[in-house]
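See below for the structure under consideration.
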């Protein structure tokens, strides 16, 4: 319907490759590739026509290319039955995708210094972001972590794109041992970073947000919350996020996010309904409370 | 457990070929091939591990070969989602089969004259039967029918195996126009047949049974009834069949059949519980009624 | 194809029998990215409550075989924002709108109906009597036919007489017919069958309930036979009462199943999460299926499963096999 | 692996918690072709009736998404043949046997129990209160807690006191807890949850019900969340009463779900139609799943979902994600 909104397509698979602990799948998806902006994701139907698995699986887009009218690549690790099925795809199979979904990373107007922080497969959306930032003349530094060496994402590419690339692993098998947020403060100082972009598990995002706050710079985080539709209709993927008006609302990670300003996300209250959230049990509206964030008013 | 009973196997697919209106699929299934006797069938799981299709699909075995330790071939037409999935298999995929299932066609001790009557895909099990009969020195005549030319099964093979082969189609596009049972009487007379073997839809089997009775010769029929398990545990596939003691029982097509003596099957009552069937509503046992057919006593 | 797809829900005519189910179509804006909302019979809103509600904490959903379990807790902005913002937007797009209401008791339902009656353009009202999410682990209004009747009565009394009121019932009751009769006596103009079915999933890793609320509602194709059975039983007992059928509809053929069982229109829910343009695809598939059956008015198929074989409209049902 | 898989159903100890569900294991002979019957916890027989029954006409089954609809109508040879032929055969193979009983009223159930008590070797009795097939389109014993209690009482009174009696309930009731309490008061030693759920499928070609009886029972993975929810609710209310859980069990992980919800043993039904050796495969998978959780006694997992996170046995539940 819209020229900018998401599309639903049956996309021919070009390749499925192993990359360390991950699989990289590339499909032909012209419209999706064309509309894509860094930070957005696709939602894949899994299991075939008569599948018992009804819910789409969300995956951050790792790369788009102009080949064949437009290709989309995403990386995934096998977690359950859905990703196991994906890993068995062969070229010429069809993959049913909806995308691009979600709000992309906002890009700075000026050529500022940016540091990118990614944990595990959470690093995936930071690659197209890095390219976009570089195109705007930004300096890009990368801090990528993972449980072990084979779970640190595309270290070689990271080194190529970024001014400096720092790696961490939980087991010390590659780079510095420890959480990805540990070296972040040092990188921010050394690179004189103006903004942080982060993607990964909630605890990592919370920690990265704290580090950014310590250094007085803004942070954009891309969150992962269990999703069912990816298109905003099911209300599965809610996260407590404070609006411009200071009021906390339960917003959908899939369409209101996945990218949020870090300090707005109520990380300590994820998995709960904070008592002061709009519409929480016992909550009473102030006279001037708007049900939607004023910043979102134009969305309709 | 048993050396004669059915096996459950994940069988590598060798080939899937189109044959007129049918698909022929050949899989490597040594144990099944070895145990198979003509008239038996296999039950295939469809849709893969996370399939929403829970019930196995039964298919008569069309051919077994000693290659690769033993292969099994069956032919099918696409009817619904299960057979559509089967038609998409490629070589090296795995197919989960249980078999061989059901009671085979009883073979005559002596080299008598046999006429084989098959409708559509119902002709499939008659091919291995023809080979077995020929090995015993029997004369084999074939009468095969179908809705149209492309639904008459392997006419060439039939001509090769059988002394005479007669073909019929509903639309007259091949052989004689009309039902497959129309030329049966003539064939019986000309070939001086001693026994009829038939497989196909219930109305055809009823008609074939009537023709055999007119000519005073026995008939073995292989029936098709909706099945869920194929192994005898679900009680889905019942058909009213009279026992040796004259009492009608609701017996399972999958394990008590699919082959029955034609005159025993209460064709007019298929899809009902005949009032005089053992255990029918209002039915009262005679003093000497056995709950199971005496002929089946040893089954335990 | 010239199949006449129009259906009637009491005094209201809809272009076709395919509706977007309550709570599965967002505000309409999300799906409008994928298809023209005017192309489906109607969109039923997420159940509207008096006050804004934040709903249940995450995780709110879990996948189950051919279905899902959900406990969203009726998150929504409340009736005021709904009337100011969401309803006008839907109407501006040419959508037919059924408004679903959810309250904490008969008085609140009455209040919702009163507020709603100030707005114009509403095609019908659906009374959500059966959402198993809220507070009390498990029980809901439809567990007691008298309570259900009180709620229906309150809504009917405060709703303009030309707007039909549909009572949406649960299926996990021993006798949906008894419940349907109670609603009919309370002057419901029709019934909506069924809502989600109570259930639970346990996370194999934590061995704790997979959705935060513990119990949730099962939806999707898994529950379709339960829903079809419910529609069939109720239509057999109350053939005059129009039914909005639903539960696990995935294809046009599934719509046909519900119509044959006795539904006049059919709501598509969970499958929209899988396929955002499911509703329009299903309209297309339904049209094709009717053509195959040689039926040229969809209304003629309603209740076909209750008539003896061969008594259907058009060229009649396809021969089996 | 040295996991202790033994479970107790009241006074009876079983080698493991995986049972073959009533009506889904034939006479035992059919499955014995695929595995050793002594390797599973117990085999529950097809419900035994006083007289032989021919059951319902075909078609008796239809496939539904992740499940099936069936209406076999309790076809069986009657209790006499069962006692003479089927039970001795099962015992001779070393199988533990639960005998399921189905009657037309409390008196008939009592009669069945009396006849059964003449036999030896029975591990437990299951009272099928909830088979939705017979005659009356839809209603069954469990629709009325008093009626259910009368039947349970009749069976308990005629059964040897060392043989536990399990009441098998339907889940499509508003309050399984109320029903469970009624059965407990009638001295049921435990509960079996759940039977098939009432439903219907319509043949898309004929537009008529797909199984001859019209209504049937839905089984298979589709109903698993309904069953798990039911077990969870009943165990929360009656934690002392042992429960045989079941409904859609396909894997060892599913067994774990039921155990965590509060079941002491788990019945495997429809999946056996798909995979004849499902029961033994599931025993193996359960053992592996327990090892992954660091649990060395399966009993310690029973009811885990009711305990606060981290309170489980062994190394405790796996961390999520």
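We just call them A, B, C and D in the order they show up, numbering each chain from 1.
Criterion: contacts are C-beta pairs under 8 Å (C-beta built on N, C-alpha and C of every residue); 3 or more make two chains touch, one makes a residue touch a chain.
The shown structure was predicted, so the numbers you read here are calculated from the model rather than taken from an experiment.
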Steps needed, at minimum, to go from chain A to chain B via contacts: 1
Intersection of the contact lists for chain A and chain D: B, C
B-D or B-C - the one linked by more C-beta pairs in contact: B-D
Label of the chain whose CA centroid is most distant from the centroid of chain A: B
Where chain B and chain C are represented by their mean Cα positions, the distance between them in whole Å: 45
Gap in Å, rounded to a whole number, between the CA centres of chain C and chain A: 34
Between chain D and chain C, distance of the C-alpha-averaged centres to the nearest whole Å: 33
Of all residues in chain C, the ones touching two or more other chains: 65-67, 220-221, 321
Multi-partner residues of chain A (each touching 2 or more other chains): 52-53
Chain contact topology (line, ring, star, complete or other): complete
Residue numbers on chain C that touch chain A, as the complex places them: 23-26, 29-36, 46, 51-61, 63, 65-68, 70, 72, 75-78, 80-81, 85, 89, 212, 220-221, 270-277
Chain A residues touching chain B - in the complex, by the definition given at the top: 47-53, 81, 85
Sites on chain B touched by chain D in the complex: 1-2, 5-6, 8, 45, 52-56, 98, 225-226, 228-229, 231-239, 249-250, 255, 270-273, 277-281, 283, 285, 291-292, 299-300
Residues of chain C that touch chain B when the two form their complex: 65-66, 221, 321
Chain A residues within the chain D interface of the complex: 52, 201
